[in-house]
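The following block contains the structure, expressed as C-alpha cells.
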Amino acid sequence: AGLTTIKATHGAGLCNLGIFLAKERKLTEADGVELDFVVTPTTTDVVTLFGAGMVDVSVIPYSNFITLVDAGAPVKMVAGAGVEGCILVAAEGIRSAADLKGKSIGTFQADTLEVLAYDYMAAGGVSFADVEIKYFNTSPEMAAAFVNGAIDAVCHIEPYATQCLEQRAGSTVLTDGLDIYGQGYADCVLAARTQLLEDNPGAVKAVIKGMMVAQQQSETDTAKALADTAGIYYRTSLEALTLAQFRQPVKIDQRSNTQFFADRSASMKKMGYVRNDLPPEAVDWSLLDEVIAENADLYASLRLKSA
Amino acid sequence: MTLHRGILKQVAPLLWSVASLSIFVGLWEFAWWRGWADPLLLPPPHIFLANLSEQFRFFDPNGDRAGALSEGGSIWSVLGVIGWTSLRVTTGLILGFVLSLMTGLAIRYFRIFGKLTLPMITMLAPISPVAWIPVAVFVFGIGNPPAIFLVLIAIYFVMTLATLSLIDNVPKSYVQLARIMGCSKRQIYRHVILPAILPDLFVTLRMNLFGAWMVVLIAEAVGVGSGLGQITMMARNTFNANLVFLTMTLIGITGFLFDQALKLIQRKVLWWIGPGNPGGI
Amino acid sequence: MTLHRGILKQVAPLLWSVASLSIFVGLWEFAWWRGWADPLLLPPPHIFLANLSEQFRFFDPNGDRAGALSEGGSIWSVLGVIGWTSLRVTTGLILGFVLSLMTGLAIRYFRIFGKLTLPMITMLAPISPVAWIPVAVFVFGIGNPPAIFLVLIAIYFVMTLATLSLIDNVPKSYVQLARIMGCSKRQIYRHVILPAILPDLFVTLRMNLFGAWMVVLIAEAVGVGSGLGQITMMARNTFNANLVFLTMTLIGITGFLFDQALKLIQRKVLWWIGPGNPGGI
Amino acid sequence: MLGLSIKDVSKIWNPGGPDPVPAVSNLTLDVAPAEFVVLLGPSGCGKSSLLYIVAGLEQPTSGTVTFDGLPITEPSPERSLIFQEASLYPWLTVKDNVTFGLKINHTAPAKREAAAQKLLKLVGLGNAGNKRPHELSGGMRQRAALARALAMRPKVMLMDEPFAALDIQTRARMQGHLLDIWESSKASILLVTHSIDEALALADRIVVFTSRPGRIKAEITLDLPRPRDLRSPEMVDYARRCEALLAEEVERAFKEQELA
Amino acid sequence: MLGLSIKDVSKIWNPGGPDPVPAVSNLTLDVAPAEFVVLLGPSGCGKSSLLYIVAGLEQPTSGTVTFDGLPITEPSPERSLIFQEASLYPWLTVKDNVTFGLKINHTAPAKREAAAQKLLKLVGLGNAGNKRPHELSGGMRQRAALARALAMRPKVMLMDEPFAALDIQTRARMQGHLLDIWESSKASILLVTHSIDEALALADRIVVFTSRPGRIKAEITLDLPRPRDLRSPEMVDYARRCEALLAEEVERAFKEQELA
C-alpha cells in the first residue's frame, strides 16, 4: 500500500536481468516504488511506448536511446543495465572485415548489433556499402537464417550467438566487441522520462537502487538469479542462460561509458540514423551518483562498476 | 434405419472435419519423420501437443505477465486467454461492422459527404494496422482499447468499401420498384438497400472475421500484455516453436468455431436466402 | 460550353479527391495547431512533408540497406522502393488470386476433395500472417520469396472462402439452364459459374488488394531488407515519426492508384455489368 | 390541363453510344382523368419504354410529360407501375410484398393486415400470404404484383402486361376486379397488352403503335358499356381491324431485319 | 416403349416442412414420339412443376418418368426446356446466348455463326445479335430464349408459355416456325400455354389440368390438319369446351381460398 507505481518496458535479452530481478524480488518496494511491466514483443514497440510517454522508465538498447533523443523525445539516460555480449559470427572462410566484402550480414536495424558490425568494419577499413545487410525482426529467425546458410554472417546476442556457432560448422567469432570497444562496453541502459525525473526523482532512484541490489545479488548467486527469472522471462535452458549471463553481465554503474555513448552516436550519425550528436545533457548520471553516495556499502560490494 | 441415417447426417460434417485434419496432420508428421521438417522450427503435432500442462503454464488468464510461473497452468487459464482474445476480436468486429456499414450507407446517402470522404478512405485502406500502432497508442494509451482499435481499423476501411460495392450492385429493379411505391430516399435505404445487401454483407463480415483474427495477434502486442497474440510473440522471441504452434492451433480452432457460429446466425437471420438460392450443383 | 462541361466532368473526381484530402489534412493541422497532436508522435503533413530530400535519403532503390548511408535521395530511388514493394504486392496478389480461385473451384467441383480440405482451410484462415513467418523463413529462406509467400497466405484462405460463397450464390436458374443445354459438370464451371462469379470476385480481389498492402509491410520486415515496410520498420525503430508518416502517405497513394487501376480493368473486362446494373440511386 | 399529357416524346437508348436505339419517336398522347387507354403494339416497339417515362423512371430524350399540368420528373406513388416482369422483394413474404407500399406511407398495421387479406383473396392468393416469392408460380407472382399495385389506390395506373402469365379464366376475373376498382377510384389507366380481346374488353380507347421506333399508328375509341360481348359482330370487327393494323407493323419489322 | 411416359407422378414441395405444397398429384401421361401435347390449366396448378420433373431438374416425390423406356434422372440436351421466365446469361451477347448450346456440344464457330444468323432472323432479332440481354424488351428476350432452344434440335421440347410476352402477330409467326421445325424434326413437344387459341392451333392433344394439386381433368384429341381455322364452328366449339373446363377449376380454386 502507498507504493508509487512506475510503468516500465524492457527487452528480452540478458541485459534486462537487473530490472527483472528488481521486479520479481520486489527490490524497489523498500523505497516505496512498485514496478509495473508493460509487455512488448519487440524493441520497436518499446520505442513507440516509451517515446510516446506511455511508460515511465525503460531498459533499452543505447542505440534506440540515441535515436529517441535525436527525434526529440523527452527522455534521459539515468543508469546502465547490461554490458557486452554483442557478437559477430561469420561463416567458414571469413576471417576479417575485408573478407566480409560482398557478403550478407544479418542484424537488427538501428540496433546495438548493427552498430557493432559497422564499427567493426570501419575499424577494418571496409565500408558498409560493400556488404549486404539483411534486417530481421526476431532473434530466432535471425539465428535460423544464419544456420540455414541464408546469410554469411550474423550479429547476435547470447545464447543465439553460441547456437549459431555450434550449428553451422566452421563458423567463427569475428568480434565480441571487446577488441574494438574495450571491456565493459554498454549494451542496454536505463532511461526515464524527463518529466518523471523532475516530478519524482525519488522513484527513479528507487529503481536504480533496486537494480543495483539486483546486480549485487546476481553477482553473488548467479544460479539463483537465473532460476528465479528463467521460467518467466527466459525460455532457454539454464546452461545456455548461464553462458549468456557470463557474456553479458549486469552493470548498473556505466559512468565510464559516457564517451562510448558519444562515439556510438557519431557512428550512428555516419550510418544515417541520427542527424545530431548525442547532447551531453541526455546522459544524466546525477541520480546514479546520489544512489551510490547514499548506499556506499552496497556499491562497494559490486563487482562490475566504473570506479 | 432412418434414425441411423439421421444421426449419420448430423455427425457427417464432424467426421469430414476430422478426416480433413488427419490428412493435414499426417502429411506434417510424415515430413517430420522423413526429416524434411526441422522439429526446432516446424515441430509436428505430436511434439507440440505433448506435455500440454508444461505449455499451459504460459497462459495466464489475468495477462499481466504472459508466461508467469504457475499462475496459469490449467485448462481454465487457457480458456481465459482465448476468451480475452475472442472478446477483443468480437468487440473490434462488431464496432467495425457497425461503423463501416454506417459509413458506407452515409457515403451513398449524402452525396457530398461521400465525395469528400471516399478518396480519403480509399487512401487510408491500404495502410497496415502495424503503421497505425503509434496512432493507437497515442490516442488510446495501452491496454485493451488500442488492440480493439487496431482490429477495428483493419476491417473498417475494407468493410466500408465492400459495403459501397454491395450498395452499387443492388438490382436496379428493386430500387425502381421502391421509387414507384413512393419510398423516400431514407425509406429506400432502410427498406430496400439494407435488406438487399445484408446477405452479402454477412459474407463479407465472415471474411473479415478472419482478417480480425489475423490482426488481433499484432494488436495484442501493443502493451495489452495478454492474449494469444502476446503468447505467440513471446514464444517467437524465446524460440519456443512448440508454443508457437500450440497457439496457432488454438487460434485456428477458435477462428473455426467463430466462423461456424457466424454461419449459424446467418442462416437464422437471413432465412430468405435459404432453399431458394442454393446455387452450386 | 459543352466542351467546358466535358473537361469539368473529367477533372471533377480529381477535384473531389483533393478536397477530401484537404479536409483530412486540415483537421490534422488544426489538431497540431491546438496542441492536441504531439508532433513527435503525430506530426502534421506540413512537418513530415517538409525537408523531403532529407527523408528521401532513406530510400535506397537497390534495397540492400534502407536507411544506412545515403545512397538514395532522389525521387527515383523513392519510386524504386515503391516499385519493389508494389511488385511484391502484385505478385502475391496474382498468385493468391489464381490459387484461391482454383482451390475454390476444386473444392466445389470435387466433392470429396472439398469435404476433406474445407475444414482445414477454415481453420488455417484465421492464423495471422505473422504466425506464418517461421514457416515462410524455413521454406523460402530470406529475400523476396517469403515476403510474397506471406502476401499470398494473407489473401489465399480468405479469397478461397469468398470464392466458395460466390459459387454457392450463383443463381440456381443459371445452373439449371446450363444443365438443360447439356453442359457437363466441367462446362458448367467453365461457362457458367466462372463468368457468373467473376464480377464479384473482382470486387473481392479489390478488397484483398488492401489486405495485401497491409501484409506486405509486415512481410518486408522478414529479411527482405527493402521496400516500404522495411523503411517503416526502421522509422519506428528510430522513433522517426516524420518518416513513418511519409511512408504511410506513399503507401496510401500507391494503394489508391492500384485500386483505381483495378477498377479500370474491372470496367474493361466485365463490360456486362456496366449500364445494366448501376444500382444505387 | 388535367390528366396525363405526353407531348412529342422521343426516347433514344444509348444516345451517345455506338449503337443508339430509338425506342419511342415523337409521340403525343393525352389520357384524360378516369380514362382507360390500352396500348397495343408489336414486340419491342417501345411500349415499356413509354411507361417507364410516364412513371418517371426514365427521362425522355426530348419532349415533355405532364400530369395535371405539372411536369413529371420522378416517380410518385400517385402513378403506380406494374412492371412487365413481376418483381417481388425476396426478403418479404407475399403479404408483406403486397402491403409494402402501405407500410411506406405509414398505414397502421391492422389496416395493412386487413388490406392484405382482402387483396390476396381478390387475386386468388388467400392461402399464399405467408409464402416466400420464390415459392410462387409465375402466374401467382404476377397476381401478387397486381395486388401490390392495387393496394396503393393511385391516380394513374401504368400496367405493363399485368395479366400475361394468367390463364384465361383467372385473367377474366382480374380484369373484372380491375374495372371495379377503376370505376370506384376514377383513376386513369394506361395498360399494355398483347391480347386484343383484353384490349377490347377493357379500353375506352385503344392506341396501336407502329413497330420500333414506336409512334401512334391508329387510335380506336370504344364508347361502349362494359361488360362487352366480344363475340358481337361489332367487336369482331374491331378485333379484325386491330389485327390488321398489327399485322402490317409486324410484317414491316420482320422485313426490315431480314434485309439488314 | 418409345416416347415420354409419365407414370403416377406426384410432386410435393417442402415435403418435410411445416407447409407442404402438393403441386402435382398422381399424374399419368404418355407423349408419343412426334406428338404435340399442349397443357392447359389454371395458374398455379402445377404445370411448371411437371415440366421441371420431365426435364430432370426436379425429382418427383413419387412415380416415375421415362423417355424411350429409360428413367429420367437428370437433364439432357435431348430434352430442352424453355423456362417460363426467359433467362439469358448477362455476360453473353444475344447471339452467344442463342448459340450457347452449340458451343457446349463443340459445334464449329462458322457453323454456329450461320445457325445464329438464321435463328435470329427467324425470331425477328436479326439486328439484335450483338446486343446484351438487358437491352432487350420482354418479348425480345423470350424470342431469344426460343431461338436458343430451337438451336439444339432436341428429341423432346418442353416449353413453358414460350410466347406469352409476344403480340398476337409475332406469336402467330413463331407458332408457324415451331410447327415447321417440329414437322421436320419429329420431336415430341410438351407445351404449356394460357391461350386456348394457341392450344387449338398447335396441339395434337390438349390436356386440361385441375387446379392444384394438378391432375388431368380432360384430354381433347384434335386429329385435324394444320393450319387450322380457329373461326370454324368446330374449333369454336372446342374452344368453348376448354373454357368451360377451365372455368370450373378456376372457380373451385377461388372458392377454396376464400373459404380458408
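For reference, chains read A, B, C, D and E in written order, and residue numbers begin at 1 within each chain.
Criterion: a residue touches a chain if its C-beta (ideal position, glycine included) is under 8 Å from a C-beta of that chain, and two chains touch if they have at least 3 such contacts.
According to UniProt, the chain labels map to these proteins: B, C = ABC transporter permease; D, E = ABC transporter ATP-binding protein.
Computed from a predicted structure; not experimentally measured.
Undergrad: Determine the set of chains touching chain A that also touch chain C (ABC transporter permease).
TA: Both-contact set = B.
Undergrad: For which pair of chains is the number of C-beta contacts greatest?
TA: Looking at every pair of chains, the most contacts join B-C.
Undergrad: For chain B (ABC transporter permease) versus chain C (ABC transporter permease), which are copies of one sequence, does the interface use mostly the same residue numbers on each side, meaning over half shared, or is it different?
TA: same
Undergrad: Averaging only over C-alpha atoms, locate the centres of chain D and chain E and give their separation in whole Å.
TA: 26
Undergrad: Using mean CA coordinates as chain centres, what's the chain C (ABC transporter permease)-chain E distance in Å?
TA: Taking the average C-alpha coordinate of chain C (ABC transporter permease) and of chain E, the gap between them is 50 Å.
Undergrad: Counting in whole Å, what is the centre-to-centre distance of chain B (ABC transporter permease) and chain C (ABC transporter permease), each centre being its mean C-alpha position?
TA: Chain B (ABC transporter permease) and chain C (ABC transporter permease) have C-alpha centres separated by 18 Å.
Undergrad: Touching at least two other chains at once: which residues of chain C (ABC transporter permease) meet that condition?
TA: Answer for chain C (ABC transporter permease), listing residues that touch two or more other chains: 38, 41, 133-134, 137-138, 236, 241, 273, 275-277.
Undergrad: Going by the touch rule set out above, which residues of chain E reach two or more other chains?
TA: 14, 85, 135 - these are the residues of chain E that touch more than one other chain.
Undergrad: Can you list the chain A residues in contact with two or more other chains?
TA: 48, 52, 140-141, 144 - these are the residues of chain A that touch more than one other chain.
Undergrad: What chain pairs are in touch here?
TA: Result for touching pairs of chains: A-B, A-C, B-C, B-D, C-E, D-E.
Undergrad: Hey, which residues of chain C (ABC transporter permease) end up touching chain A in the complex?
TA: Within the complex, chain C (ABC transporter permease) contacts chain A at residues 38, 40-41, 57-58, 64-65, 67-71, 133-134, 137-138, 141-143, 221-223, 225, 230, 233-234, 236-241.
Undergrad: Within the complex, which stretch of chain B (ABC transporter permease) touches chain C (ABC transporter permease)?
TA: 16-17, 19-21, 23-24, 37-38, 41-42, 108, 115-120, 122-131, 133-135, 137-138, 154, 157-158, 161-162, 165, 167-172, 175, 185, 188, 200, 203-204, 206-207, 209-211, 213-218, 229, 232, 236, 241, 244, 247-248, 251-256, 258-259, 273, 276-281
Undergrad: Would you mind writing out the residues of chain A in touch with chain B (ABC transporter permease) in their complex?
TA: It comes out as residues 12, 37-42, 45, 48-49, 52, 54, 138-141, 143-144, 231-236.
Undergrad: Residues of chain B (ABC transporter permease) touching chain D in their complex?
TA: 173-174, 176-183, 187, 191-192, 195-196, 198, 270, 272-273, 275-277
Undergrad: For a test of understanding, state which residues of chain D touch chain E in their complex under the given definition.
TA: These residues of chain D touch chain E: 13-14, 19, 21, 40-44, 48, 84-85, 121, 124-127, 130-131, 135-140, 143, 160-161, 164-171, 173, 194-196, 243, 246-247, 249-251, 253-254, 256-258, 260.
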